[in-house]
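Structures for review follow.
In the two complexes that follow, chain A is the common piece, with chain B as its partner first and chain C second.
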Partner chain A sequence: MRVHCAVYARGLRRYSTYRAAAVAGILTNSVFGVINAMVLLALFAARPEINGYDAADAVTQVYVAQALIAPLAIMGPALELSERIRTGAVGTDLLRPVSLLGWWLAQDLGRATFDLLFRSVPTFAVGALLFTLALPGDALRWALTLLSFALATVVGFALRYLYSVVGFWLMDTRGVWAVMGPVGPVAAGMLLPLTLFPAPAAEVLRLLPWASMVQIPAEVLLGKDTLPGGSVYGGLLLQAGWAAVLLALAARLTTLAMRRVVVQGG
Partner chain B sequence: MADLLPANAPEAPRPPRPPRPGPRDGFLREVRRALRAYVLLAWTWCRAVAQYPMALSLLTFGVALSSLAEMGAVAVVFGHAGTLAGFSVYEGLLVYALAATAFGTADFLMGSVERLGEHIRSGSFDTMLVRPVPPLVQLATDQFSPRRLGKAVPALIVLVFVLVVCDVDWTAGRVLMLPVLVVSGVVICCSVWLLGGCLQFFVLDARQAANSLTYGGQALTEYPVAIYGRSLVRAVTFVVPLAFVSWQPALYLLDRPDPTGLPGVLRFLGPLVAVVLALAAALVWRLGLRHYRSTGS
Partner chain C sequence: MPTHESTADGTATRERTAGETAADGEGGPIIEAVGLGRDFVRSEGRFLRRTRRTVSAVRDVTFTVRPGEIVGYLGPNGAGKSSTMKMLTGILTPTSGSVRVAGMEPSRQRTRLAREIGVVFGQRTTLWWDLPLRDSLTLTRHLYRVPAAVHAERLAELTELLELGPFLGTPVRQLSLGQRMRGDLTAALLHAPRLLVLDEPTIGLDVVSKSTIREFLLRVNRERGTTILITTHDLGDVERLCDRVMVIDHGRLAFDGGLTELRATVPTPRVLVVDLVAPAPAIEVAGATAVRVDGPRQWLELADNPARVIAAVTRQHEVADLTLREPDIEGVVSALYRGGRAP
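This part shows the complex of A and B:
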């Protein structure tokens, strides 16, 4: 556990050196947030309520999505693990006395923590300054929202780890990213809130792991009863379930990969 | 360019030089040379990526998938709203298709310039400067890939489809103006792309910020800009003239009055705007080149 804490701290510190990039990222996220929000505001001006969402709800979700882009890395970049598998540097990682999954989880959570503090918070603040957001009034729901964001980050990591670990079989995972890159934001409710999708498609997408990254956290923040089980806790449970399932799958695939990996060199 | 050739270039037997051309003749020849170099380098990269057909088809499929998703989003939004800014679903898709065709083609032709910062940081931009091919051509063709057609081609297909479905009064003028407007859109987008790239001459980490200009511009023009309100319409008409990529051409093709009250003559100014913006981009590129100091020691 001490090793993981140290790796986590190093991950956090490493990403805290790229400050200019963080500022540029906040600018980009804010600009895209403004564009998406204005499109949805125009839509909701024509129809004040769609499937339980009003304009403020939709704009809030837009800024949840923009704020979470960086910590979730939903549109990339891939975990460095991909490149290390391709070049064989993963051999070094396997020599370490901690599991591959735990090592990368600790490091990536370090990065995500930095992004959550210095990308998500400013981006969301810009949204709150420019638009009327539907924000919860009580401290409990803020705490639950934060928990939901944390679970979203773990789900995001687990998916990226899975995209990377298939590299043990495929060698190059850029193709996986090429296909999953566009699918992720759509299925997560980042491109548009899933609420606006045709009902049957939305029903299915809500249950898939991607929804746990944006749609569910946004609805937890908004306190919607469309969450599974009709309450915020149902949504959190679904997220925790996906995090556990995906991490277990990741651990299983890692074990399988270990049986066939051959590291060349000498 | 000639004085930038390495001093120790191999002495090949050369044919006798033709007499030095006049200035005008020389300019045309330079352009032809640059275009030939562009095609040659682009083709070389195409052959390189074609060595991995599976990866290429997956990447192309991915790009097509994301443009399909954007199109779906436009359809969903218009489907709920009925009409936005007086545009129906198909008319909204016409705006989307014009924007996506222009940006997709610009991305295909010039998208690589956004990696200028990486080239500067790694020093490979210095290599480009000493080669006897214009550096802009090398930069634009670097890692040129046909996968980017995954964006332009679906957009073009949708454009043809909506032009058939929409109620367009096909006069001879419209038939002739259509390709002119599309090409102007492509030139405007290429210029925006180059301007965004040039930003990295001055601020090295500006790639992300430039993205909000290029990709942000695309996202903005995918919808009728009138929905963003009057002040933004004026900004994208007179400051960063993205309105001439999709909005003004759509108004012209559908023969609509401008709902934001700008003069109707604007819809014919696309080509002029394209030329001015391209000249501005060229000027900024030269400025950037002059400003550039190698990172090497």
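This part shows the complex of A and C:
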């Protein structure tokens, strides 16, 4: 555990060396948020309520999505693990006396923490400044939202780890990203709130792992009863469930990969 | 230099001296490979008409390495060196035979074995690219659960020996290759491994950096008794470091023995380089054959006592200068590689 804390700290510190990139990211996310919010406001001008969402709910979700783009890295970049598998550099990772999954989880959570503090918070603040957001009034829900964001990050990591670890079989995971890159944000409710989808589609999508990255955290923040079990806690449970299942799957695939692994290059 | 003190640095480490077995109850060899082999299945051909072919990278390799040895593992590119190294460190599962390193089966006990060995790949780095060198080196304390005081002492010692001081605070991406290699070596040694596996540790380094690293490795071997297995294409490394050499070619062990024996296996004659005063046709004397003529300079392969040949040459020709060349290891090894070229 101590080593994971140390790796986490280094992951965090490592990303803090890219300050200019953080500023550029905040700008991009905020501007895209504005465009996305304008479109939704136009829609809600025609209909004040769609499936339990009003304009403020929708714009809030837009900024939750924009804020979480960086920590979740749902549209990329891939974990560096992909490139290390492709080039064979993963060999040096495997020579450490720690599990591959634990190492990358710790490192990526370090990165995500940096992004949460220095990308998500400023981006969300821009949203709150420009638009009327539906924000919770009580501290408890803020705390639960933070927990939900943390779980979303773990789910995001687990998915990206899975996309990478299949590289042990496929050698190159760019194809995986070519498919999952566009699917992820749509299924997550990042492009549009899932609430705006036809009800049956929304119900199914909400239960899939991608929704646990944006849709569920947004609904936790908004305190919606559309969450599984009709409460914030149901939503958190769903997220925790996906985090556990995906990490277990990741661990299993890693073990399988080790058994038949071919580390590339001389 | 406080080196001898830090090998006896408390309870966490074993005391080791060259030639002795590590004091953990295992009297045997540190590496034992028996009939080790690895096949790869390769897909070839175009998109639809693919054929699968089995290629043997390593076949039936058997050897043992005793604690305290420095063994050079040589072979041309593609001979199976890296595959062997990967099997020894547990990142590649053998398809046949068995291997035990420090009493463990590498592919099954990879993470446990990692605590006992240090590995440096000259072409890759284990250091954190964006962070100061110090950050990578302090991480090893947690990775290998080394007590803080012991770690600090070892780091201070290695910093002094490898002169890391000036760039401990520099991000790894800004280090020169030589500096980075010294950093990688330090990272591999901070947990005082019993076995150090080096894959081309001097690749791309200048003469001074190479020599620094060689002297350092000798010292680590002498003072800590660390066993070293080294693959290299640099025969200077071999001549300076290795008591013993294994040559692998086409996946098979072609030679295993001392440097002197290696020289003896391939009869490479001594060469007399003769500088004549003026260009002349190839010299013809008993006991030597002219193998090359370049203006006034000629190369004679000796089959006889050099003194007699020199006497004969100077009798027949006006000689400006003479040099006698001993066969170098490079010539021996390339002869050995060529010898093994037959399918």
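As a working rule, the second predicted complex is superposed on the first by the 263 of 266 C-alpha atoms of A that agree within 3 Å, B and C clash if a C-alpha of one lies under 4 Å from a C-alpha of the other, contacts with A are read in each partner's own complex, and residues count from 1 in each chain.
Criterion: a contact is a pair of C-beta atoms (placed from the backbone, for glycine too) under 8 Å apart; a residue touches a chain by one contact, two chains touch by 3 or more.
Here the structure is a predicted model, which is why all the values come from computation and not from measurement.
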| item | value |
| --- | --- |
| Room on chain A for both chain B and chain C (clash or fit) | fit |
| Superposition-derived angle with apex at the Cα centre of chain A and sides reaching chain B and chain C, degrees in steps of 10 | 90 |
| Which of chain B and chain C A:V204 touches, first, second, both or neither | neither |
| First (chain B), second (chain C), both or neither touched by A:F32 | first |
| First (chain B), second (chain C), both or neither touched by A:I50 | first |
| Which of chain B and chain C A:V7 touches, first, second, both or neither | second |
| Contacts of A:A42 with chain B and chain C, given as first, second, both or neither | first |
| Which superposed partner A:L191 touches (first chain B, second chain C, both, neither) | first |
| Partner chain(s) touched by A:V179 [first = chain B, second = chain C, both, neither] | first |
| Chain B versus chain C - smallest C-alpha distance in the overlay, whole Å | 8 |
| Chain A residues within the chain B interface of the complex | 20-21, 24-25, 27-28, 31-32, 35-36, 38-40, 42-43, 46-47, 50, 172, 174-175, 177-179, 181-183, 185-186, 191-192, 196-197 |
| In the complex with chain A, residue positions of chain B that touch it | 54-55, 58-59, 61-63, 65-66, 69-70, 72-73, 76-77, 80-85, 205-209, 211-212, 215-216, 219-220, 223, 227-229, 232 |
| Touching residues (chain side chain C, partner chain A) in the complex | 40, 77-78, 81-82, 86, 89-93, 110-112, 114-115, 119, 121, 124-126, 128, 130-131, 135, 138-139, 142-145, 171 |
| Chain C-touching residues of chain A, taken from the complex the two chains share | 2-3, 5-7, 10, 13-14, 17, 88-89, 91-92, 94-99, 258-263, 265-266 |
